[in-house]
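I've put the structures underneath this note.
Consider the two complexes below, in which subunit A is the common component and subunit B and subunit C are the respective partners.
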Partner chain A sequence: MKNVRRVEAVFEVLRIVVAFLVAYGLTLLVLVIISEDPAQAIYSFTVGPFTTPRRIGGIIQKAVPLVFTGLGMCFMYSVNRFNLSGEGIFIMSACITTYFALSMQGLGLPKWLYILVLLAIGALVGFVLASIPAIINVKLGANIIVLSIMLNYILLYFTQFVLTRVVRDVGVSYTASYEIPVTARFGELIPRTGIHTGVFVALLFCVVVTVLFKKTSLGFEMRTVGSNPDFAVQIGINAVTTIVLAQALGGALAGVGGSLEQLAMNSRFQWTELTNHGMNGVVVAVLAKKRPQYVILTALLMAYIRQGAQVVSSSTDIPAEFIVLVQGVIILMVAAETFLSKTRNKIIYESALRSTENSNAA
Partner chain B sequence: MSELLRVENLTKVYSNGFVANSDISFSVNAGEIHALVGENGAGKTTLMKMLFGMEDYQKGAIYLNDKKLEMKSALDAIHNGIGMIHQHFMLVPSLSIAENIVLGIEPTKAVMFNYKEAVRMTSEAAKKYGFDLDVTQRVSDISVGSMQKVEILKALIRGVKVLIMDEPTAVLTPQETRELFEQLHRLQEQGYAIIFISHKLEEIMELCDRVTVLRKGKCLGTYDISDMTQERISNLMIGRDVELRFQKDDPESGEDLLLVSDLIVVGDDGKRNIDGVSFRVRAGEVVGIAGVEGSGQTELAAAITGTEPYHSGSITLSGEEIRGHTVRQLREMGMASIHEDRMTIGASVNQSIRDNIIADRFYRPEFRKFIFTDKKAIDEFVDRCIEEFEIACDDADQPVRMLSGGNIQKVVVAREFTSGCRFILASQPTRGIDVGTTEMIRKRLVSMSHENKVATLLISADLNELLEVSDRLLVLRRGKIVAAFPKASEVSEDKLGEYMLGIRTMTPQEMEGLL
Partner chain C sequence: MINFITNFGFSVLRLSTPIIYAALACTVTKKAGLLNMSVEGMMLCAALLGVISSALTQSVLLGVLGAMLAGCLVGALISYVNLVGKSELYLTCIAINLMATGGTTFALYMITGAKGTTFSYLASLAVPTIQIPIIKDIPLLGPILSGHSLLTYLAFLCTALIWWLLFKTRLGLRLRSVGENPHAAESVGISVTRIRTTAYLIAGAVAGLGGAFMSMSYVAWFSRDMVAGRGFIGLSANNIANGSPVVATIFSMLFGMADTVANILQLTDAGIAYFVKMLPYVITIVGMVVMSVFQIRRRKHMKQKAVAAAIQEAAAEKQT
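Presenting the complex of A and B:
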């Protein structure tokens, strides 16, 4: 039986690795087909991200928000709810953070407290917003995917209202908020790389969430409810509370991510459409096998691909959007549970047969 | 007698690596009732499913009349002449018996369903095989015994020659069982082959001609019943002697721990599933609840454990009303429960043995350090449980789904029996599990009550178990208590059956003081 567990575990990882490699290979193939200069395009895509310090920094910079949305999706997955509100929460919390950053200017808070308060506001925004579809879902049985995607659009248009009517700086020629004071912003960690001090916050959250999943009662409750809600109820776990709380915490993670991205990367709030960070978080979490301890690795991986796409679009004739292909194929292949299952079953069958023969011989 | 069905070297490995059947060979003759026995986990169900085309196999072959069968589905099996009567009936309650029987092979007039022809066909068949049925009745209105007849007719009318019956008597009362046996003998005379799967050895001795014994996925051989005794069969099945009956003393019951009074539970369909039930369970005694399946046992258990609401009346545990307490609070107050459905509710099969055992107590101080879980304390505790309850596994990390049925139930009882409970509700605690584990669970239930003064409520479909383990016995029928016996050891199965079936009912006066 130990054998079986090993085969199952190996195939679980193998499935994800193969899915990723197939997706990556397909992307390269597409590059070759559509590019005027395939060699240059492939070089830019694969090696390009490592060619200058700023590009390497770009990988890390891009990984930071993915860590947050990826961790957030781990919470959603832990209770088996495909709550996609992280997408809307990301932009919403960036917007609300901007509003409060501007309105708290006069208080003269020290930098660390200023930022801490703003991140907490982002977390609160995410916590409250993610629980809206979560509660409607458990209480009324409405589909969580529909609810959360609708919520995303409501949130998007709400931020546009705030942007154009509340925080807009009429002094600039484009649509943007007033500038957020420097005291509320993360500074550059390594000069000329774009790597900001926010990476420490991301690392901290990776550790905290991993510990929460593995070592706390809430982690146990989420695992049990996610794995068998009827069992959880029968054994005395409040399934409804756990399901809602887990999603609210997932939302809080996305909220912190949105806040931090705003305070680290942009001096003004100027997003006018959804940023796709939430959806990329789904891919990050899926690649990490829905476990927070691997999120940092998969976030870096996705960031590397995005950075590659950016290099491709700046140095060749191909737009960065082509990498959506990678995400699509990965999700498709990982979601297909039976992918590789025939091979797996064959190996399990053979090893089981061998062990019975051994026991017969003995 | 001529050989009808032959199985050669059938081997099946499930995708979790479990070798359910290895090299099974046996044959069944026309006009024979052939018993298939083995503990649960021995591979009977898998073998049946392969015979009925529901599972594929990696090695071996099935022959019917010396023709090798290639079956991809149950439909193929039926076309080939193999039918199966499932333990849980596959009938449409809102349709009549005739409609149920012809479903899929409906007679037509032009393009319309010809109901008259269906009634004629089915009543003729019922008469031919000697089944006493009014085929125009709706299935929702007929008894379990009649439903089984409908299932058998359904198979026969499709031209089946081999009938596989999966524990057909588990849902029947002793009277219905006798009737079934007579019908099976009639089918036997007409040349049908019947594969009879049962745990009840006395029935096999009475009914069958030959018996094939399975143990741990292997076939031990086929024996003539006339050469066998119950003891020899059970010996073959288990590989050792088992004490099938055990002695126990009268209980010294103490205070009332569970008090149910005038309980009414209304289902979603507006039906009163529990209709004015009152009884008590005292510390130190085992109270058994008998009844035909679906008499309200599930609803009663759900109300007592606080997982479903009740509508009027009261249930108190140590004097405190169940309503208004969460399941966790009830468990803290000393309630434990073995759920009847161990695969979906009693255990979380995709989680590890460890997670399953600590699921009701992970938050307690002894398993925590500061705000974190104390892995060392948990591991020590779980390892002790695995040892004490002899759970056959690799280690505590193994997912429960990889264990056999008996071992899964051991995981469940390891949790419930060690929770320090004062009241335990055991629903079908030994259904479908091996004799060794059954013996262990029954003994523990009795010893916990008699020695540790736990109040035990036992709900079971196994009359033997009820008579053996219980001190007092109640009979539930259609949501009402219709009989109460102060001494379970003095009740016969037949008498119990009469009350379960509704042939007899006790008056409230007769039951006074016995509830």
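Presenting the complex of A and C:
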């Protein structure tokens, strides 16, 4: 039995690795076919992200928001609720953060407190918003996927209202908010890499969430409710509270991610569309097997691929969008249960056969 | 004033068209028990392929058929991964939507060399508009109802067709039984996989028409992300309608009206326009809440009735 479990665990990882390699190989193949200079394109895609400090910094930069939305999705998955509101929360908290960053300008807060307050606001926005579909779903049984997608569009249009009516800087020719004061923004950590001090916040949250999942009673309750709600109720866990709380915390993470991205990467709020950070967070969480301790790895992996695509598009005439092929194929293969399942069953069968033979011989 | 009313009515019908197609595509799969989150991706692929095939063949009909084929192919891919690969449906749909958004943009850039639209790059065609002989002369109603794209009229025809398909044909009956209870359907010899694949192919074709409307009627070119959430509005219309194609069409028109109002307000008061744009989504959430409350009440009522009946029966038995 132990053997079977080990084979299954190894296979889970193997499946993801194989899916990734297949997708990566497929992308290289596409690059070769469409590029006029295949060697250059492949070099740019694979090695390109590591060639200059700024490009390496770009990987880190791109990984940070994915860490937050990925961790957020781990919470949703832990209680088995597919709450997609992270997408809308990300843009919403960036917008609200901008508003408060601008309105608190005159207070003269020290930098650390200023940023801390803004991140807390982002977390609060996410906490409240993610719990709306969560509560409707758990109390009334309405479909959480549809609810959260609807919420995302409502939030998008709300941010656009705030952008055009409240925070818009009419002095610039494009649609953007006023500039957020420098004291509220994350500074550059290593010069000329674009790596910002927000990286520490991301790392901190990785550790905190992992500990919360593994070492606290809330983590245990979430896992129990997620895997067996009836059993959870029997042993005295308040399932409704746990389900809503887990999703609210997931939303809070996406909220912090949105705030941090705004304060670290952009001096003005100027998003006019959903940013897909939330959806990519789903990819990151699925690749990390829905466990927070692996999120940082998968976020870096996805960021590396994106950085590669960016290098390719800047050094050749191939648009960076070819990268969605990798993402799409990976999710489709990882999501498909039957992918590699025959091989797995064969190995489990054989190992079981062997162990019975062994025990017979003994 | 009369001019304003006719323009408004005309716009409502025009803007409702893609939403109706999206809602109908969702309805077919919903009846088969599947949430179709990927209409957005289906429509986007169809819009692109419609432009390409009409430009290559210089035939409107082949262009529209190309768009429908693109929708079907996306549907086939989803059903393959979902039913044969046994993946979780929502994850599959998210992957498909991401791939459709990026993939169409990629194709667009490869064709045009990093321009945002195919306008002036591809000589694609538009679906003809139709003047209805007698109706067009009726005052007020004429200018609203007449002069639309052929695809707009087809959308309403499709509503009837889908209704007929779902409620009057053998396939429809099987489709609904699979949606109600797949295990029961399986036990009487209906292939759930085949029925659900069929549902996805039909949904793909219908969504394909919606995509064709976007790139061959609404405008006559393809631009990136041109479906712009209409697939999801269709999904919400279908969700409130709870699987009825006629109600879904009515809600699609309501949402099309919200779209029209938002477009008008955009010119005068952009701030309020965003709140109007929210309406379809707010209405959907409220609708879902109300429906769920009713369902819970009804279930409770049924349970009470059953309990009361059981007690009566027990009492009657005791007497005899």
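In this text, the second predicted complex is superposed on the first by the 362 of 362 C-alpha atoms of A that agree within 3 Å, B and C clash if a C-alpha of one lies under 4 Å from a C-alpha of the other, contacts with A are read in each partner's own complex, and residues count from 1 in each chain.
Basically, contacts are C-beta pairs under 8 Å (C-beta built on N, C-alpha and C of every residue); 3 or more make two chains touch, one makes a residue touch a chain.
Bear in mind the structure is a predicted one, so any value in this text is a computation, not a measurement.
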Which of subunit B and subunit C A:37 touches, first, second, both or neither: neither
First, second, both or neither for A:12, with subunit B first and subunit C second: neither
First, second, both or neither for A:331, with subunit B first and subunit C second: second
Touching partner for A:322 - first (subunit B), second (subunit C), both, neither: second
Residues of subunit A touched, compared between subunit B and subunit C (which is higher): C
Touched partner set for A:165, first subunit B, second subunit C, both or neither: second
Subunit B versus subunit C as contact partner of A:215, first or second or both or neither: first
Touched partner set for A:233, first subunit B, second subunit C, both or neither: first
First (subunit B), second (subunit C), both or neither touched by A:188: neither
Residues of subunit A that lie at the interface with subunit B and also at the interface with subunit C: none
Contacting residues of subunit C [partner subunit A, same complex]: 35, 37, 81, 84-88, 90-92, 94-99, 101-103, 105-106, 109-110, 113-114, 225, 229, 232, 235-236, 239, 270-271, 274-275, 277-278, 281-282, 284-285, 288-289, 291-293, 295-296
Residues on subunit B engaged by subunit A in the complex (per definition of touch): 11, 13, 15-19, 22, 58, 305, 307, 326-328, 330-331, 337, 339, 344-351, 355, 359-360, 362-363, 368, 371-373, 375, 393-394, 398-399, 402
Contacting residues of subunit A [partner subunit B, same complex]: 1-5, 7-8, 211, 215-217, 220, 223-224, 227-228, 230-238, 341, 344-345, 348-349, 351-353, 356
Of all residues in subunit A, those that touch subunit C in their complex: 34, 82, 136, 140-143, 145-147, 149-151, 153-154, 157-158, 160-161, 164-165, 273, 276, 279, 282-283, 286, 317-319, 321-325, 327-328, 331-332, 335-339
